[in-house]
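Inspection log for the structure reproduced underneath, given as structure tokens.
Letters are used for the chains, namely A, B and C, taken in the order the chains are written, and counting of residues starts over at 1 for each.
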Amino acid sequence: MDQLLGMAFDVFRAAGNGIESIAQAGDRGIIAHTIDYISRRSDLILELMLEHLWLVVLTLIIAVTISVTVGIIISYYESFAQTVLGICQVLMVIPSMAMLAFMVPLFGIGFTTGVVALVLYSLLPVVRNTYTGIRELDPAIVEAAKGMGMTERRILFKIKIPLARPVIMAGVRTAAVMMIGIAAIAAYVGAGGLGELIFSGISRGHQPMIIAGAIGVSIIAIAFDYLFYYGEKRFSVEGSTREGN
Amino acid sequence: MIKLEGLTKVFKGHNIPAVKDLNLEVNEGDVCVLVGPSGCGKTTTMKMINRLYEPTGGKIYIRDEDVLQMDPIKLRLDIGYVIQEIGLFPHMTIYENIATVPNEKQWPKDQVKEKVDNVMSLVGLDPDVFKNRYPSALSGGQRQRVGVARAMVSDPSIMLMDEPFGAVDPITRARLQNEFLRIQERMDKTIVFVTHDIDEAIKMSDTIAVMKEGQLVQHATPSDLLSAPADEFVSNLVGRNRSIKRLHLIRISEILEDVDRAPAIKDDTKEEEVKKRLDESDLRTVIVVDRDNKLKGVVGVNDLKRKTGEVAGDYYQEVSDTVTDDATLNDALSVMLEIGEGYVAVVNEDEKYQGTITLGDLLNVVREES
Amino acid sequence: MLRTLWVWIGIPLIMIGIASAIVIYSVNNPPDTIVARMLTYERIFRVIREHMGLLLVSMIGATIVGVAGGIMLSRPSLYRIGRVMETLVNIGQTVPSLAVLALFYTILGLGFRVAVFALFLYSILPILRNTFAGIDGVEHSIIEAARGMGMRPLRVLTKIELPIAFPIIVAGLRTAIVINVGAATLATFIGGGGLGDLIVTGLSVHRDMIIVNGAVIAAITAILLDYLIGKAEERVVRWS
């Protein structure tokens, strides 16, 4: 306990020093340096940003396809569902660095490793939301559709999926934001993207580079989050007017 | 007992006072019902009495003591408080919920236990069954009972009740109202009761205070309110069918003795006798009771034709609903409409048969009163 | 009884057992001298100790600050600030953990303490948000009933608001721990040590065995912690 307290004190003292060094950093004009760096290397930053987006969008497409399918399947097989969701939960809890590390012996260093790890990660939010979105539909709606003579296939595509869409999209939002962060880490195993700026910046002690990378990743994440939030709102408005309330 | 003098409340950011210069006196042991449309200031008035809202102006006295000078915590601990949403604590058992005030007052453990058991039985909840349940496992009516029990457990002489029976279905509400009136008869508490339902107000009150736009319009006994509404607002509120509203004011027990009707038959009555009694009856049915005078059911002319046994106890029909003798005539009317019969059997608390009243009896009362 | 024992001791022991088996096998059967030199019990214990240090200090600090802050912001006088904080925290949580660590490195430099401080700040967010949201979510009628019966504000907080908000606060703790365990493996990049060290070393010398050891211990630590909090969560809420 003493050791813990000691550590805590150290940490706060360090934080105090940190605030001082922010002031000093201001003197050295770190912000100016960063702006300078960004304007000089804007082509590189843009390229890495596109690489980052490509990695995220590609894996998002793969992950959503797999996850929605799995979510739909387990919504029909209740006994199966808890096991599948349990596995997905465990996958998501594994630290991203560990997950990426597991992939290296299997897929080597490079883009593929990043894609596979990211897909595994994003399973839980989308699978879970697809499953609950479908399971928590008002049974009366499904029964009405059945009663009118719709086939199960038609019910799935015309009733269940459209009605569960807002919930599924919320899952995709969580997955997307998470992926952007992990894609940055995936740069360490050669998947490319803005993470490269952070890692090489750290190894070279090049602060403007680190800041450019970190802020770039954060902006992408916040922008994605906002875009999906906006989309969700539109979807849910549509949903409520369609229900006619 | 409770005296409000020039009570005024202006909420921050509002120009129009929610309550304006209100004067009201509630006598000890009375039920005073504040009634009016939503937004008339009735709930605000009530919440000023236990100082959940601080008055902007005016005085409040309880037993001639200035409430605004008292410690609000001590004040509230001595006033029972029931609200429409009940506000049961979801993470506490029914026992813990009811024991809240005694625990705040730091009563000894065994005394708390005894009081909680008592008050639970009083509101009709078996302590052994419900004590350790959580509110989520209770029905709406049971929750209301817990809410009332929780407010009564420390024997406050004053209770504030804000639409306490608002969140349950009409049948349960009537039952809870009757039970509450029965309890009140014994406890004789001073109660300020808020509702927007004029029928409930007429039924529950000793005096009714009608409010409109933050002001008191009329404060009178229900009977006076019905016969002499102060202005158009009040007469609109009590409605056109005032004579029917009077049915709320009269208990069944009050008219039961004047009703002259053939007594019930025992369940071992033979066919001959049943036939004879059916002919005498003005209802074409007779009530069947057992040896302890407990209600069994009814026998009609058709039952006798299709009889499946020797004595009345073999072929009577069960009745779908009854009323208790402490219910109002209006309750009796609703039950009759509910079961689709022109009569209803009256029982007492122990389900002993007391008599039968008919639509005709109700009509007579309305005619006499108006 | 047997079930409880299994849930609380059996399953955790199995998880620890798996991790230990892999570690013991790897240390005793190194495929070459590089692995033999780099994968020793001493080193593994050191990184585990560092890892736990990162987790414990940052989580204890974050829990205290997050819960206290959440309570304070939920008080009527600070409620408006609380709502603003909620939005800021949501944005803050969107910022990736690597970016947070990297930015703190540029401000505070390298080292264990910097890593702990970054993790501490990052973990406050879900705890603060859930504490605030949990208390904010307590139905108004419940609080009014409590106040109307004569409970003092402090009693209302400790007896009513906090117990009702407790499951949500615990859920926030769970999120924080999962995020924290994940971010702690990144601490190595800014010289914070921990299990990430093992993975990074493995990657740089191209020895899968070292990578897998680091990854397995990190993964099992995370799964075990999440599992234990999940089970505790189930036990906490008896009433809904």
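One rule holds for everything that comes next: contacts are C-beta pairs under 8 Å (C-beta built on N, C-alpha and C of every residue); 3 or more make two chains touch, one makes a residue touch a chain.
Source: prediction; values computed, not measured.
Chemist: If you tally C-beta pairs in contact for every chain pair, which pair wins? Let me know.
Modeler: The largest set of C-beta contacts joins the chains A-C.
Chemist: By Cα centroids, which chain is closest to the centre of the whole protein?
Modeler: The most central chain, going by mean C-alpha position, is C.
Chemist: Taking mean CA positions as centres, which chain lies farthest from chain C?
Modeler: Using the mean of the C-alpha atoms as each chain's centre, the farthest one from chain C is B.
Chemist: How far is the middle of chain B from the middle of chain C, if each middle is the mean of its Cα atoms, in Å?
Modeler: 54
Chemist: When the C-alpha atoms of chain A and chain C are each averaged to a single point, how far apart are the two points in Å?
Modeler: 19
Chemist: Distance between chain A and chain B based on Cα centroids, please, to the nearest Å.
Modeler: 58
Chemist: Residues of chain B that touch two or more other chains: which are they?
Modeler: Correct list: empty.
Chemist: Please name which positions on chain A make contact with chain C in the complex.
Modeler: Residues 4, 7-8, 10-12, 14-15, 17-18, 21-22, 25, 30, 89-90, 92-99, 101-102, 104-105, 177, 180-182, 184-185, 188-189, 195, 198-199, 201-202, 207, 210-211, 213-215, 217-218, 221-222, 225.
Chemist: Could you pull out which chain C residues touch chain A in their complex?
Modeler: Residues in contact with chain A: 53, 56-57, 60-61, 91, 94-100, 102-109, 111, 113-114, 116-117, 120, 178, 181-182, 184-186, 189-190, 195-196, 199-200, 202-203, 208, 211-212, 214-216, 218-219, 222-223, 226.
Chemist: For a test of understanding, state which residues of chain B touch chain C in their complex under the given definition.
Modeler: 47, 50, 52, 73-79, 81, 83-92, 100-101, 104, 134-136, 150-151, 160
Chemist: What part of chain C is in contact with chain B in the complex they form?
Modeler: So the residues of chain C in touch with chain B come to 139, 141-152, 155, 160, 163-164, 166, 238-240.
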